[in-house]
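Given below, in the form of structure tokens, are the structures.
Two complexes, one shared chain (chain A), two partners (chain B, chain C).
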Partner chain A sequence: MLPLLYVVVTAMTADFAVWQRLWSTRVPELLLNTLSLSIGVTVINLILGVSLAWILTRYTFPGSGVWNWLLILPLSIPSYVLAYTFTSLLKRGGPVEHLWQSLAGAEAVLFSPFSLTGAVLVLALNTFPFVYLLARSALKNFNVSFEEVAHVTGAGRVTTFVRVSLPLIRPSLIAGLFLAILYVASDFGAVSLLRYQTFTYAVYQQMTGRFDNTAAACLSLVLVACAFVFLAGERWFRRRSRFYQTTGRYRKPIPQPCHPLTALLFTGYLLLVFAAAFGVPVVLLIQWTIEAASAGHLSGKFLGYVWNSLSLSAVTATVAIVCGIPLAYVACRRQTWASTLCVQGAYTGYVLPGPVAALAVLVLVSQIIPQLYGTVFVLLLAYLVHFLPAALQGMESTFQQLTPNLEEASRSLGIRSIRTFFHVTFPLVRGGFLSAWILVFVQCMKELPASLLLRPVGFDTLAVRIWLEASEELYQSAAPPALLIVLITIPVALLLMQKDRQTT
Partner chain B sequence: MRPRIRDTRLVIPHFLLLAAMLAAPSVCFADETLVVYSGRAERLIQPVLDAFQAESGVNVQMLTADSTALVNRLQMEGDRTPADVLITNDAGSLERARELRLLQPATIPGIEETIPPPFRAPDNSWIGLSGRIWVIVYNTSLVNPDDLTSILDLADPKWKGTVAIPSAGSVYLQTGVSVIRAVKGEETTIRFLRGVKDNAGSFVYGKNRQIVAAVARGEVAVGLVNHYYITRHLAKHPDAPIAPLLTDQEDNGMGSILNAAGVGMTAYTKHRAQAQALIQFLISPKGQRLFADVNKEYPLNPQVTAAPELVPLENFRVANVPLSHLAQLRDPTMTVIEDVGLR
Partner chain C sequence: MTQPPPNAKPLVLEIKNVTCAYEAGRPAIEDVSFAVQKGEIICLLGPSGCGKTTTLRVIAGFESVSSGEIILNENAVATVDRHVPPEQRHVGMVFQEYALFPHLTVEKNVGFGLTHVSANDRQRQIDKMLALTGLSDLADRYPHSLSGGQQQRVALARALAPQPVMLLLDEPFSNLGPDMTYHMRRELRQLLKKLRTSAILVTHDHVEAFAMADTVAVLNHGKLEQFASPETLYNHPASPFVAKFVGQADFIPGTIHDSTIVTELGEWPLPQPYQGPRDVLVMIRPDDVRIEKSETGCGIIESREFRGSDVLYGIRLNTGELVHGSEPSPRSFPIKTRVKLNVTATHTVVFDRPAHDS
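Let's turn to the complex of A and B:
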């Protein structure tokens, strides 16, 4: 909360001329860019997410069980890693262009990865699993009776899908899309490597290209304002579109076996999406890593980066949980206006994209505790501001599942509240906390903009190394850290998927 | 009592880790380590620092970021900065740091004879190390070099879709535009930038290396880069159809755009001796040779000759804008660049 306030104050006290210049030159373009990127990603996400979920919930064919798992894997690739593999794939004279020219003739020109199309493609392939996952669980718990009624009254397949099925899964779709858009708007890694100007990237450029941070703060304020409007819109939309099961007749959809030819078609489609979003990039990373290793690029320094990333992420996750416990507990058990304010304040970190959070922490630290500037604490603080909300969300829902009766029973037996917490509450919520810890840990491993801006001397993280090497187009040197991050993230993605399965 | 045992098992390792982490920064800055903030690509400066470390035995640690960002960082850190030396890829950032009193004069014996006065601050707060000129790179099979006599010609509509330019964040572009503004005035500069922006279209690159590669592949006919990226590319691919073009050489012309990478000792360093030893090494013939041979830049120490494939520095005209002026030109130049809409 405090960091956000600082950004607001800096921006508000900015010279009017700065504001005027930004409004007339940068803001409209950045708004348009961010908006068109979001819309592009939304459209592709909808098409990919719904079609994949539809295929996998309505049909069975050989291998359809495996796809449920494989389609989660794209979430384990950080956006900047996907972006940098795509710059290599799509560059002029690159493999995709060769393929395209052999199909469409030698004169055919492919779009540049450094464009709106490139950015949309990369970010859509990076975020479609959000929409897919939510669409899938909605389609699974879907009451087929509605569709049957439509069929009986003479509606064709397409009409049924568009008029009945789609509206029914709309709330889940919208939730997935909001997640994806929030991700796109706050993404720094992919847009910076693809040099596509969005608000987040512009804030970073202002911070690193100019001798004062006023313009950066102003742009941040506009971005944060947009994010708040967006979040409010999401709440409103969710409240408006709820569907309820009204009758007792509920039948789950049963996946139908399909014609071998259709199965082949489906498999081809799934394979294409999977290859683009995960398969090909990872194969490239492995190939480059082998090349880097044989060229002797893997030195002792690399282990240092690994240690920096691992230790900092672990510490941040631990601190986030420790700080989060009282906040989450208070939010669930003792609701007062003060506690609500406190918790909602912590959630503002959510709407602060990386560079903005970094800027806020930077200003805050240099004003209040300048001794800490340039140490690893600043980075820790920035991570906390950024990722505490994610931890809070997980922990809050864990607390909510726990009935207060258990604690009350313990208290009525004369045990003090602290002991009650450690002996009764804590053992029961441990599982939920562990997954919150893992979530924060992985987010920190992938974090780029704040690490880039705030790292102390000699404290490069894996993400920073990837970005520095990739922005020089040194594909081989960037590959080993990238591959490592993907490998660490895969089990986590699968773990979350398993939890998702248990709940549905 | 079993729950308690399980609790402590979970909590203790985490706190141990936490404690270890908190101790980590103090280990990082062992007393003898010289901390260098560097705005240059790691690839270009690491070999030089390695050579210094081998010769002097002083342990050097480097933080790489944009030159401007490093000056901002030094300013924020004030007297608590861990940095001893600032190396940047343009003299403007160094002069700016000097104005902000973030640098202090270095006492280097023989500096007067080693680096000519235009390439260092009057009080030696910063010292130029290597010169680079912002030139046109052209594809020899696509372009007749006689068609271009000035950088400003690139704004001509006949080059539409064939020009590659650096992105607005590039310090080289900022320097180039600053010099054009200082010599030709605001209006000409804006007209030039508008034209170049239209001609470049989507051929806007983050790195000089990419521009040279694009020209070599014939995707574009011409590009704007620092000269040594061309030389380095040719050293690797001798058959590449590219060449540098020195423009604006006519008698009343602007002259070529020269900038210098340089070094300064921070105002609050606790390692004066080692910092000055590093600077001394960087301007010594040995250090300068590395800039000349490895990087193909112009060594600023006249005792060291530039790589043979370069036109000697004294054989062409350079724009008459002192390096120290680049600092005050920077922010207004950024505003012009942004107003025109370069990205």
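Let's turn to the complex of A and C:
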């Protein structure tokens, strides 16, 4: 909460000329770029997410069970890793251009990865699982009677889908899209590697290129304001589109077996999406890693980066959980206006994109405790501001799943509140806390912009190494850390899937 | 404190003029008073939202009182400025969803409240409770692997293990099937009587209340309407609400002449001296009505509901009033039969006729 206030104050007290310069030069362009990127990603996400979810919830064919799991995996690739493999694939004279020219003639030119199209492609392939996951669970818990009613009244399959099924899963689709867009608008890694100008990238450039924290704060304020409007819009949408379709018992859809030819078509489609979003990038990473290893790049230095990342992430995750326990408990069990304010304050970290969180912490620390400037502590603080909300959300929902009756039962048996917490509450929320810890840990491992801006000299994390090497187009040297991060993230993506399973 | 009559059993719980409000000005229960004797089983009966569960939670200590006082085992545990926390009240509670600790085995669940006894005593008490509730073979199982009835037994054993002053049960049978409910009711009553444990049980089903309770407290809109034995509730309800809530009841207008009530369906002597308006309503229960086919009868059968051992008929009287009568199944009348009614008023209950009722 405090860091955000600092950004706001810095921006508000900025010289009017700074504002004027930014408004007339950067802001319109950045707004337009961010907006067109969001729209492009939204359209592709909708098409991919709904079609994939529909195929996998309504039909069974050989291998359809496996696809449920495979389609989660793209979430485990950080956006900058995907972006850097795509720059290699799509670059002039790259493999995709070769393929394209052999099909369309030697003169055919493909779009450059360093463009809107490139950025949309990379970020859409990176975020479509959000929409897919939410559409999938909506379609799985769908009350088929609605569709049957439509059929009985004479509507065909297409009409039924467009007029009944789609509107009913709309709340889930919108929730998924909001997640994806928030991700896109706050993404730094992919857009910076693709040199596509959005707010986050511009904030970074102001801070590193011009050392102009005031201008960076102004741009951040515009971005944060947009994020707030966006979040308010999301809340409003969610309130308006509350459909009560799951009261009591209802019939869930049963997947139907389909014709072998259709199955082949589906498999081809799924394979294409999966290959583009996960398969090909990972194969490339493996190949490059082998090349890097044989060239002797995996030295002690590399192990040092691994240690930096692992230790910092573990410490951050632990601190986040320890700080989060009382906050989450208070939010769920002892609601007062003071506790609500506290928790909502902690949640504001959510609307701070990486570079903005970094800026906020930087400004705050240099004002209050300048001695800490340039130490790991600043980085830790930035991680906390950024990822505490994620931990909090996980822990809060864990507490919420626990009926207060259990604690009351314990107290009616003569056990005091504190003992009750340790003997009843804690053992039951331990699992949820562990997954919150893992979530924060992995987020920290992947974190790029704050690490890039705030790391002490010589303290490089894996993510920073990937970005630095990839910026120089040193594909082989960037591959080992990238592969490592993907490998660490995969279990988390699968964990997410399993949670989804349990709730459906 | 007033001295109880010498023959009465000691009081375990006294609730005196208790009001509890979650929001100021909108009490969930208002001015409720009753007392529970040692070994007695009480049912709190009423429609949903009447304050039954609130009453239970106030006794357990999960809610505090806005006014009035609660005396548990001769200690004032709740007054306006004193609130003994739940863990110090020694009251057992069985929750509607049982609230078994999912991370503990049946045995550990049952032993959870036994913290202030030696390991030997603890094990002995656990074994005793498991044997009493027929759970001995399931001691090492986890709650999720048990059936609904078994889970309820565990909840019961857990609540009874620390030998509480009294047991509170919040709609304990609502999650069981009808067969299981019947079975568990008998089991629970036998167990409570065997252990001589006082209990308060919340229910919205008068059949359940009649089957379980020594005394029933009927609540409506947060107020206590009547506190009496099941027989008294059924035969001498204190209000039309109670009359209707504990069974089918119709009310026909009547007029009092001296010590006789005159109605469309006959005349009966007044059971006790009556001082009130002359225009009254008389309660008629279906089992007081005998139906006979008659071309010159006073009503026509309008509805017919087969209930197995008997049939419930709705008879529209010439005056437009609707009265229900039950007849054994073999005596069957088709709908639209004109009939004559013989009403034997074993318990004549009269209420004031509301002003708007014509």
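Throughout what follows, the second predicted complex is superposed on the first by the 484 of 504 C-alpha atoms of A that agree within 3 Å, B and C clash if a C-alpha of one lies under 4 Å from a C-alpha of the other, contacts with A are read in each partner's own complex, and residues count from 1 in each chain.
To be clear about the criterion, contacts are C-beta pairs under 8 Å (C-beta built on N, C-alpha and C of every residue); 3 or more make two chains touch, one makes a residue touch a chain.
All values reported here derive from a predicted model rather than from experimental measurement.
Peer 1: According to the stated criteria, A:140 is in contact with first (chain B), second (chain C), both, or neither; which is it?
Peer 2: The answer is neither, since A:140 touches no partner chain.
Peer 1: After superposition on the shared chain, which partner residues are touched by A:312: those of chain B (first), chain C (second), both, or neither?
Peer 2: So A:312 only meets chain B here.
Peer 1: A:58 in the overlay: touching chain B, chain C, both, or neither? Say first, second, both or neither.
Peer 2: neither
Peer 1: Figure out whether A:151 sits in contact with chain B (first) or chain C (second), or with both, or with neither.
Peer 2: A:151 contacts neither chain B nor chain C.
Peer 1: Taking the superposition as given, does A:170 touch the first partner, chain B, the second, chain C, both, or neither?
Peer 2: neither
Peer 1: When the two structures are laid over each other on chain A, which of chain B and chain C touches more residues of chain A?
Peer 2: Of chain B and chain C, more residues of chain A lie in contact with B.
Peer 1: Thinking of the overlay built on chain A, is A:427 touched by chain B (first), by chain C (second), by both, or by neither?
Peer 2: Both chain B and chain C are touched by A:427.
Peer 1: Is A:413 contacted by the first partner chain B, the second partner chain C, both or neither?
Peer 2: second
Peer 1: Looking at the overlay, does A:93 come into contact with chain B only (first), chain C only (second), both, or neither?
Peer 2: first
Peer 1: On chain A, which stretch or stretches are contacted by chain B in one complex as well as by chain C in the other?
Peer 2: Residues common to the chain A contacts of chain C and of chain B are 423, 427, listed in rising order.
Peer 1: For chain B, which residues are in contact with chain A within the complex?
Peer 2: 3-4, 6-7, 10, 14-15, 17-18, 20-21, 24-25, 28-29, 35, 37, 41-43, 61-66, 68-69, 71-73, 76-78, 80-83, 96, 167-169, 174, 202, 204, 206-207, 209-210, 214, 217, 219, 330-331, 334-335, 338-339, 341, 343
Peer 1: Where on chain C does chain A make contact in their complex?
Peer 2: Against chain A, the touching part of chain C is residues 60-62, 85-93, 95, 97, 99, 101-103, 112-113, 115-116, 158-159, 162, 168.
Peer 1: For the complex, which residues does chain A have touching chain C?
Peer 2: 403, 405-406, 408-417, 423-424, 427-428
Peer 1: How about chain A: which of its residues touch chain B in the complex?
Peer 2: Checking each residue of chain A against chain B gives 21, 25-26, 29, 92-93, 112, 114-115, 195, 197, 205, 207-213, 311-312, 314-315, 318-319, 362, 366, 370-371, 373-376, 422-423, 426-427, 430, 452-453, 455-459, 468, 471-474.
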